[in-house]
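Here it is, the structure in full.
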Amino acid sequence: MSELAITYEPIVVQQCIDAVLAPQSGGIDVFIGTVRDATKGKKVLRLEFEAYESMALSELQRIVADVKAKWPVHKIVIHHRTGVLYAGDVAVVIAVSAAHRDAAFEACRYAIDTLKQTVPIWKKEVFEDGEVWVAAHP
Amino acid sequence: MSELAITYEPIVVQQCIDAVLAPQSGGIDVFIGTVRDATKGKKVLRLEFEAYESMALSELQRIVADVKAKWPVHKIVIHHRTGVLYAGDVAVVIAVSAAHRDAAFEACRYAIDTLKQTVPIWKKEVFEDGEVWVAAHP
Amino acid sequence: MKINILAFGIAREIVGSPLTTAKLIDGLRVQQLKNDLEEQYPKLKQLTSFMIAVNGVYAMPDTVIEPGDEVALIPPVSGG
Amino acid sequence: MKINILAFGIAREIVGSPLTTAKLIDGLRVQQLKNDLEEQYPKLKQLTSFMIAVNGVYAMPDTVIEPGDEVALIPPVSGG
């Protein structure tokens, strides 16, 4: 399975975990971003994700390189979904294995924080009475 | 599925994740503790886990209560395996869901750190030339 | 020179198309392109941020746009 | 009074059994039981730590052991 993916298909969390399992690893941290059914108390009907796919993959590659330079991690997998998602659907999975849990937790946290700041993926929240591109306006 | 378990059966990570998924959740953090094939460069043949089960469950319950008092988490699942485990086997899974990732990451980290300090579970590392109860001696 | 410009998310909605072809002066820098676009599409100025990527990399304001470059309008990202 | 004492991990190996029955004086406190056990099994003193749980809860040194209590020897835990 590929380390990085931007995909229209549902993400299978177990496959991401299996891909980072390594006999020398003692800890795996996994972050799973899911679609919430409401934002600030307002019901969300669906989310629509789009990506600038080639650039998103190269920005993800940069995150992986940064992570490997900063922490002694064994393997890292980042899969992000695009298209139309509903409450409870998995939008992103980041799995990181390391010999010890410190590195796994810190690297996973850094990866999702940086993804949200730099990777060209956008989501539109669709409500009953309108839609909003998340973070687009102050 | 029960929130807390000490079990001889293999832990199915996906079931732990499914159990914390909630439509109001936006982030799930999962820690998976696995058996390493070596400790300080020495090959580990197997690990043997034992638990003081009734007390372990009540200490886990205390961790869950602490977590829920400290962070706005939705659901938390902690499953720990006992018996004989080999390299790559899953020894513990902690899954935490929350509206936002901060709480999920911090609560999951707190839970595994506290588990390792307070929950009466013991592991013996078996090497080719002997065996050692982990952390027993200074 | 003629150049293809990709637009994503709300920027795509503001410019009205995921791909537009613009006629740019030779030696145009990213900052000037940004200014021109904001003049043509004032709604771009209302965004929290608005970046230009050239060939799949966030571009510096003084980067010169070359013929054949892939230019993209990047509104605030919101993945995850 | 007679009392059942559970032992786990390396403590079980040191005392030689997962369950022993000890004859304790009435009103015995946890600290005294600990001292008595360390005298009887000096290897307990070599552990990084050695706690006593009474009825499934870590016990304070001055806790009095009552008839029918479940007492357990808790060497350094190492789950996870």
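Labels for the chains are A, B, C and D, by order of writing; each one numbers its residues from 1.
Basically, a residue touches a chain if its C-beta (ideal position, glycine included) is under 8 Å from a C-beta of that chain, and two chains touch if they have at least 3 such contacts.
Treat the numbers as computed from the prediction; the structure is a model and nothing was measured.
Steps from subunit A to subunit D, minimised over paths through touching chains, total 2. Ranked by separation of Cα centres from subunit B, the top chain is C.
Note on chain placement: the centre of subunit B and the centre of subunit D lie 25 Å apart, centres being C-alpha means. A straight line joining the Cα centres of subunit B and subunit C is 48 Å long. Centre-to-centre separation of subunit C and subunit D, using mean CA positions: 72 Å. Residues of subunit B found to touch two or more other chains are 33, 112. Across the assembly, subunit C contributes no residue that touches 2 or more other chains.
Under the contact rule stated at the top, the pairs of chains that touch are A-B, A-C, B-D.
Contacts from subunit B toward subunit A in the complex involve residues 13-14, 17, 21-38, 87-88, 97, 99, 101, 104-105, 108-109, 112.
Listing the residues of subunit B that touch subunit D in their complex gives 33, 49-52, 54-56, 58, 80, 91-92, 112, 115-124, 133-138. Remark: subunit C residues 6, 8-10, 13, 46-48, 53, 56-58, 72, 74-80 touch subunit A in the complex.
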